[in-house]
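A, B, C, D, E and F are the chain letters, set down in written order, and residue numbers restart from 1 in every chain.
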Amino acid sequence: MFHHVKELQFNARVSKPDVRFAKLLLEQFGGPNGELKAAMQYFVQAFGCRKPHPDKYDMLMDIATEEFSHLEIVGATIQMLLTGVNGELKNAADESDLTKMLDGKAAKENYIHDAMINPHFFVVSGGTPTLTDSVGNPWSATYIMGMGDLTADLRLNIGAETSAKMVYENLMKFTDDVLVKESLRYLMTREVAHFQMFQAALESIQPNFPPGILQSDPKYSNKYFNMSKGEDFEGPWNKGKSLELSEEWQVIEEPLQHVIETNGLLNEVSKGTDRTEDSVKAANKKLSTKRKTEVDQTNITSNGLMSWSIYEEQMESEHHGN
Amino acid sequence: MFHHVKELQFNARVSKPDVRFAKLLLEQFGGPNGELKAAMQYFVQAFGCRKPHPDKYDMLMDIATEEFSHLEIVGATIQMLLTGVNGELKNAADESDLTKMLDGKAAKENYIHDAMINPHFFVVSGGTPTLTDSVGNPWSATYIMGMGDLTADLRLNIGAETSAKMVYENLMKFTDDVLVKESLRYLMTREVAHFQMFQAALESIQPNFPPGILQSDPKYSNKYFNMSKGEDFEGPWNKGKSLELSEEWQVIEEPLQHVIETNGLLNEVSKGTDRTEDSVKAANKKLSTKRKTEVDQTNITSNGLMSWSIYEEQMESEHHGN
Amino acid sequence: MFHHVKELQFNARVSKPDVRFAKLLLEQFGGPNGELKAAMQYFVQAFGCRKPHPDKYDMLMDIATEEFSHLEIVGATIQMLLTGVNGELKNAADESDLTKMLDGKAAKENYIHDAMINPHFFVVSGGTPTLTDSVGNPWSATYIMGMGDLTADLRLNIGAETSAKMVYENLMKFTDDVLVKESLRYLMTREVAHFQMFQAALESIQPNFPPGILQSDPKYSNKYFNMSKGEDFEGPWNKGKSLELSEEWQVIEEPLQHVIETNGLLNEVSKGTDRTEDSVKAANKKLSTKRKTEVDQTNITSNGLMSWSIYEEQMESEHHGN
Amino acid sequence: MFHHVKELQFNARVSKPDVRFAKLLLEQFGGPNGELKAAMQYFVQAFGCRKPHPDKYDMLMDIATEEFSHLEIVGATIQMLLTGVNGELKNAADESDLTKMLDGKAAKENYIHDAMINPHFFVVSGGTPTLTDSVGNPWSATYIMGMGDLTADLRLNIGAETSAKMVYENLMKFTDDVLVKESLRYLMTREVAHFQMFQAALESIQPNFPPGILQSDPKYSNKYFNMSKGEDFEGPWNKGKSLELSEEWQVIEEPLQHVIETNGLLNEVSKGTDRTEDSVKAANKKLSTKRKTEVDQTNITSNGLMSWSIYEEQMESEHHGN
Amino acid sequence: MFHHVKELQFNARVSKPDVRFAKLLLEQFGGPNGELKAAMQYFVQAFGCRKPHPDKYDMLMDIATEEFSHLEIVGATIQMLLTGVNGELKNAADESDLTKMLDGKAAKENYIHDAMINPHFFVVSGGTPTLTDSVGNPWSATYIMGMGDLTADLRLNIGAETSAKMVYENLMKFTDDVLVKESLRYLMTREVAHFQMFQAALESIQPNFPPGILQSDPKYSNKYFNMSKGEDFEGPWNKGKSLELSEEWQVIEEPLQHVIETNGLLNEVSKGTDRTEDSVKAANKKLSTKRKTEVDQTNITSNGLMSWSIYEEQMESEHHGN
Amino acid sequence: MFHHVKELQFNARVSKPDVRFAKLLLEQFGGPNGELKAAMQYFVQAFGCRKPHPDKYDMLMDIATEEFSHLEIVGATIQMLLTGVNGELKNAADESDLTKMLDGKAAKENYIHDAMINPHFFVVSGGTPTLTDSVGNPWSATYIMGMGDLTADLRLNIGAETSAKMVYENLMKFTDDVLVKESLRYLMTREVAHFQMFQAALESIQPNFPPGILQSDPKYSNKYFNMSKGEDFEGPWNKGKSLELSEEWQVIEEPLQHVIETNGLLNEVSKGTDRTEDSVKAANKKLSTKRKTEVDQTNITSNGLMSWSIYEEQMESEHHGN
């Protein structure tokens, strides 16, 4: 269950209205790297952890709830930046004689120009935030990801924090308002904090590579295909050993010839690795048993029905701490 | 700021897994009439009310927060209905010999058939809810509406509660699980409760018709154009007086002829109404002054900057009640 | 069957081209609150009424057809506002020497600046309307709603007319062209007229609350959860009696504590209402019988097949009036 | 202005309900190749033709209006195929005892299975058509195209009729209902008729190649780059003369080598064509003058304002024919 | 398999950065008529041709691969037009003192104004192309079409080349950079070349009308319904013979009356055509046999399994030519 | 420039048609975690690296091109799984007598049932792949991400490989075809290989934390807000030191009280960290100078114009290796 208190998590303030920056800031309200995306991604992922991984569930819900609180900070800032728009729209004088009231044609020109910056603020939402990015694309659940596997989801979350941090960094270039910058800097910093929380959680799960259960095929896991010819380079991504599996990279310089010679890679052989078909099978079996057990044993119910919360137990833990 | 507690607002329970009903129930998790739509619609609308209409802000945030809590109930129910899917996906034996483990071909057939019901549960989300409707359309912010005007927004919210109620009513036909039905009935009932809250709030604003500020043109406000010929009917929508403006309906039986005769309605005249161009202007001016003042006076700041929350005052109110 | 005549329903006129206002006006051509949304919403809802509710079918098709005619008015106005764009795009001189023809660099700058206002007009649609909103989002059927239940659909339609009215009201602030304002005012007024038609139709159906068939659960229908703490308010939405069911609002000041004490509301009891589990069942049964019968009896066919129109009967009614 | 009559353009009939085929048929109601796409594409294109090309405007509006009438036929057929769904949803008995009413568990199973075919029919639209394709994607204006140029638009319309014809052809495989097939065959045939109307209109414009104004560059217009190596073929698309420009195809067998040798094609030379830079310029100038004049001269107004319809003239033409 | 070389197919160059034109050019990078649309449409269509129509497969893959190479040219041009944006975003001085570094407030104003042109370049993509159209709509697979039938697909491809040509023609009006125009002209010309390739391929298939297999119904194939009344016109689309079927157009001047008289067209009769129900059946059977055989015979496998490529054979053809 | 050869990179084979698995496999053809997403994400990111980071450009284009080649493998597999569908759709006999040809009603039932699995295959694409996910959502560019910053983009790419790996792992559960599994295993393994390439590239950039330029604020970077109350847990994400910044986690057990006491965190102080406001400024300045220089110096041109490729130099490198 959620609760709301009317205090913001951060004391968001604004020096003066700024329709233009309000438009840019929408990127973190309803954009693909913004606060709603983060909040919903962690919230939705959390359902699968509730039973088998209550500690990760706790962390995901702590962060998801903070992201909802950040969404509120961003929305509040946009609302303050739009101060005046709503009042002007309720100015019925416009029907007959706006020009006069706004001190001449130039004033009206400015007003219309502002509307062109983001028409939605003026003709649709009436001077309030819209759940879109900075050019007006409506927020979409295609932004959120979750695979039902913690080592996968935590990596996706690190990506989410990464891109959110970048957008806040970029946004700071487009306002001179020190109060707004103060809020942006706080929000940017929290993405860095969450990044490290997800990273720590990922490290706490072993093994965590590859994501999921199944091992990779040693015949193909360390091949590097030189598919883009011309100015070619060497780097740790095609020379030396891979970081996770410690296999020696094998560069295929002429992919077409190689593919034909190996009958479409069917006759490919392992090189530069100690892993074998047998070691892969053993690893698959071992990890599968472990992970499947973790999940399945939490699904056993004593009374033949499933419930999400046990209200009496929770009462206890509330009173005695944990 | 939001808070979360691990108890659900309602004790959602499930008797046994049911992938099919989990799919249908997605409609209220990530569908256009579902809980997220409601929660986000009221949450986004609330920003514009924070200053000028703190009482409506309080109500919108009370209901928005409850809808987030309902979203959690729906997600928890889907997760329980999907029990077993995640564990099975972690079953590495599948690579070599699923048929045997699942007691023969029939079992595998059932498993594949279940996957066809909603492939996302099986190949993407790993047995957890997805933020889509029942056929897989990702949730979209096109579902939410707000016009920056309370008499408009409250009507849109009545519409939102209406459609949400209908979907719960329909869903009840597709499960026999009495525990699930119990939750559905609770959720359906809350839509009815919210409907009446928004209705009461709308009545508390006067005048509340038409939405917005500007009055309608009496030349056109009570004309009924018979645009669909054939089996024609009379009803209170084209005979008698209109409910809000008490104008006598005027039916235009032959729209084309009428349009030509009035030079494209430019020469239309008022009939069946007491309203005049002058009364419209006066009403526009009066309402505009009132509503603009309400909004503008809340934007005045003493110290030249804008803030959303006053932390000390809130502390007071927390301690002394209100 | 539809017919078209080349006269517009309203004599839409324009004083001079205005690319900027053309962009804003797109909101009512291809936007979520615009004419196509209204037209398609009523048109699609009408199919379900054809047999069981021929009077409502007649009304829905009268209004849907008028909305299509309004869509044409909006499109025609945009086209006139874009006068000159298409011709200039066919100016091949641009390839070699536009600067000269446009009287210097300043002219070209203006032309490019206009293109930035809405690139689609210049590089895609060639100076004709596009089926998008004012920022370029393509029209989407997610905008239209219908639940197969008249008391629900009519409420959704009241919402549609509400938001359409607001957009026209807002648009009037952004043009000085008195001819364009004339059309906007006509279109805005018709939304007010349709609002009242749907309202009258809704009142003509009894009972019309709640939407659908099933009654709400009296244990939960009048509870108000105080989910947003801080500055709390009382109003008719949480104090006194609800407007439809006349139940006394019951405020839950501490939702978490209440939920725990009632075992997740399972042990909740009714208060402030006369409705009982039995009265709910009786009401459900009575209304269900009535509504199901209305629908089912119109599906009975004499000759074992279904047809939409009976051409001979219609011929009669054409010739003898109705 | 549109009008509606309650007779369908075609006597659509159905032998018995069929939820499955109703789902498939949605493809032509709200799908990318369906009736709404065609109707809206021609309707939107028509605005740009109103003044400069009144004959093509007439044709586009004739066909657009017919497509709206076909949309109605498709919707009516879906509605008839869904007969019974709406009534069953109003069956309140379901709450307590559907199993009994439906003659046992098997009946309920069938009902649930039907809901899985297309959940939207059962839990959202209440047994009425939805404006989606057969898998539930909402109709989108990305489906419609128009470039503000008749030789382009007519070719796009030929494409639209082509794909619509294919879908009807495919649909016929999935129903045994001879009455439904009768309607499908009629609708399929009309796509073939419209195809030829657009083709005739395109031929009536000369020159009509290339679409638009600007001629192609003779250095690049007849080169064929062999970008996909392996099993290579010759055909009239890379051997002989091109159909419109009668230029001899020039195959570039080794694109990379050729690009390097010509400094990225900057040093490319014309071959196999009589067209020159001068002939291109002359053709551009001639066609530009012609087309620009056609458009511009229709924009001249005598009284300094623009209107879409002249009501008096139309009255005349109504009375005296044309 | 694809390969990449770092040389562009055309030597794309830019004289100076231009954020505004970069925005417009996005239309051909990620827009509905752009290079990715073309590339993906032909690439996806090609799968169905691989076995039954290897010559058309070769052509589709030649052109698809060229379109991918054009996508690269467009992206490279946008990247060069955005030169400087990325560097400025990495300018940390902005946090404390951008105003000073940018030589005063005017410079910052210009920078912010540029960001308003396309916020995505500045706050999201960091000065690199985005896969959107010019107003920011993300590229969508709704843009691509393919019906699994060559006479249909080739016509759709002619449409795709038509609209792409138009956009390049329009774009040339909005830049003075002769180097950029050089690239645009090359790209525009290639659309004209591809148009003629698809046209030639379509002509090489006989019969190619109508698309697909099934013939149209002679009762309805040459009727022209006058659905839009007022200023009516005659043209080759409603007078004389249709171009493909050589049937005499039959105008229905009064559709409503005609529909009623023919019992909803069920009693319609053929006129102005030699085709009969029997000739239609014969044509259907003949063409069906031919086309079905073409497809089916390529699906026969000798060893009971299906493979896409035969590597040894390809090696042969590589070495000995074809 | 891209090239194509008709050999697949992997010898994809199929034992027998399987419409159901073809549907599931669409997830990796046109789904959000599939091959097109990966290919386009790396391809689009590469533009920004071309000049400043040619080694990373080489790697991104190598992998992007391989992903396009994998897209082809997936599409080819789907096409083979759909063998027979296209031929059957060309079977005109269906119009009159499919029942007979298909050996009775049961056969037709199966055919219709198959169509319900994925209607697009049968009524739209004619038995060829569609660019959608497994439930029919069209591919959308919202799936791809890039921030114009390598340390951000490489982390996003690690996320992309993670989710793609998971989908292949899940897909293997739904087919018994050992040939198809062989291809899936190859494709899954390549995601693991690419994961490690991006990881190695990320490690080769120092410092690589946080992504972008700006350091986090030490007042907020190590706070952990306990926003979800109830069953609380400790882990390395809220206890001990953070992995990147080595700051001691500080748990805020009562967020509301803390926020009020710190005046909305404005009075927050640093704890558990050595970083200071000064060290942050110094780090920002140092990194900014380095990264800005890297980007800017590659933008300097000798001749005053920008080009993407230098054809002569490339020729050299082709001939002499690199």
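Note that in this section a contact is a pair of C-beta atoms (placed from the backbone, for glycine too) under 8 Å apart; a residue touches a chain by one contact, two chains touch by 3 or more.
From a predicted model like this one, the values you see are computed outputs, not experimental measurements.
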item	value
Given subunit B and subunit E, the chains that contact each of them	A, C, D, F
Rotation angle superposing subunit A onto its copy subunit E by C-alpha atoms, nearest 5 degrees	120
Listed pair (B-C, A-E or A-B) duplicating the A-C contact set, over half by residue number	A-E
Remotest chain, subunit C as reference, centres from CA atoms	F
Distance from the mean Cα position of subunit F to that of subunit B, given in whole angstrom	33
Centre-to-centre distance between subunit F and subunit A (centres being mean Cα positions), rounded to whole Å	13
Length of the line joining the C-alpha centres of subunit E and subunit F, rounded to whole Å	26
Subunit F residues counted as touching two or more neighbouring chains	1-9, 11-12, 32-33, 61-62, 64-65, 69, 89, 91, 95, 124, 126, 135-138, 140, 142, 147, 149, 166-167, 169, 172, 213-214, 227-231, 255-256, 259-260, 263-264, 309, 311, 314, 318
Topology of the chain contact graph, where touching chains are joined (line, ring, star, complete, other)	other
Chain-to-chain touches, reported pairwise for every pair that qualifies	A-B, A-C, A-E, A-F, B-C, B-D, B-F, C-D, C-E, D-E, D-F, E-F
Sites on subunit E touched by subunit F in the complex	1-9, 11-15, 30, 36, 40, 43-45, 47-48, 50, 61-62, 64-65, 68-69, 72, 75-80, 83-84, 86-87, 89-93, 95-96, 124-132, 138-142, 144, 146-149, 179, 213-214, 281, 284-285, 287-288, 291-292, 295-296, 299, 304-309, 311, 314
Complex contacts: residues of subunit B adjacent to subunit D	20, 23-24, 27, 31-33, 117, 133-137, 166-167, 169-174, 176, 181, 227-231, 255-256, 259-260, 263-264
Complex contact set, residues of subunit C against subunit B	5, 7-12, 32-33, 54-55, 58-59, 61-66, 69, 137, 140, 142-143, 145, 147, 149, 152, 155-156, 158-159, 162-163, 165-167, 169, 172, 182, 185-186, 188-190, 192-193, 195-201, 203-204, 210-214, 216-217, 219-233, 235-238, 242-245, 255-256, 259-260, 263-266, 314, 317-318, 322
Of subunit D, residues touching subunit B in the complex	1-7, 88-89, 91, 94-95, 98-99, 108, 111-112, 115-116, 118-120, 122-124, 126, 135-138, 309, 311-312, 314-315, 318
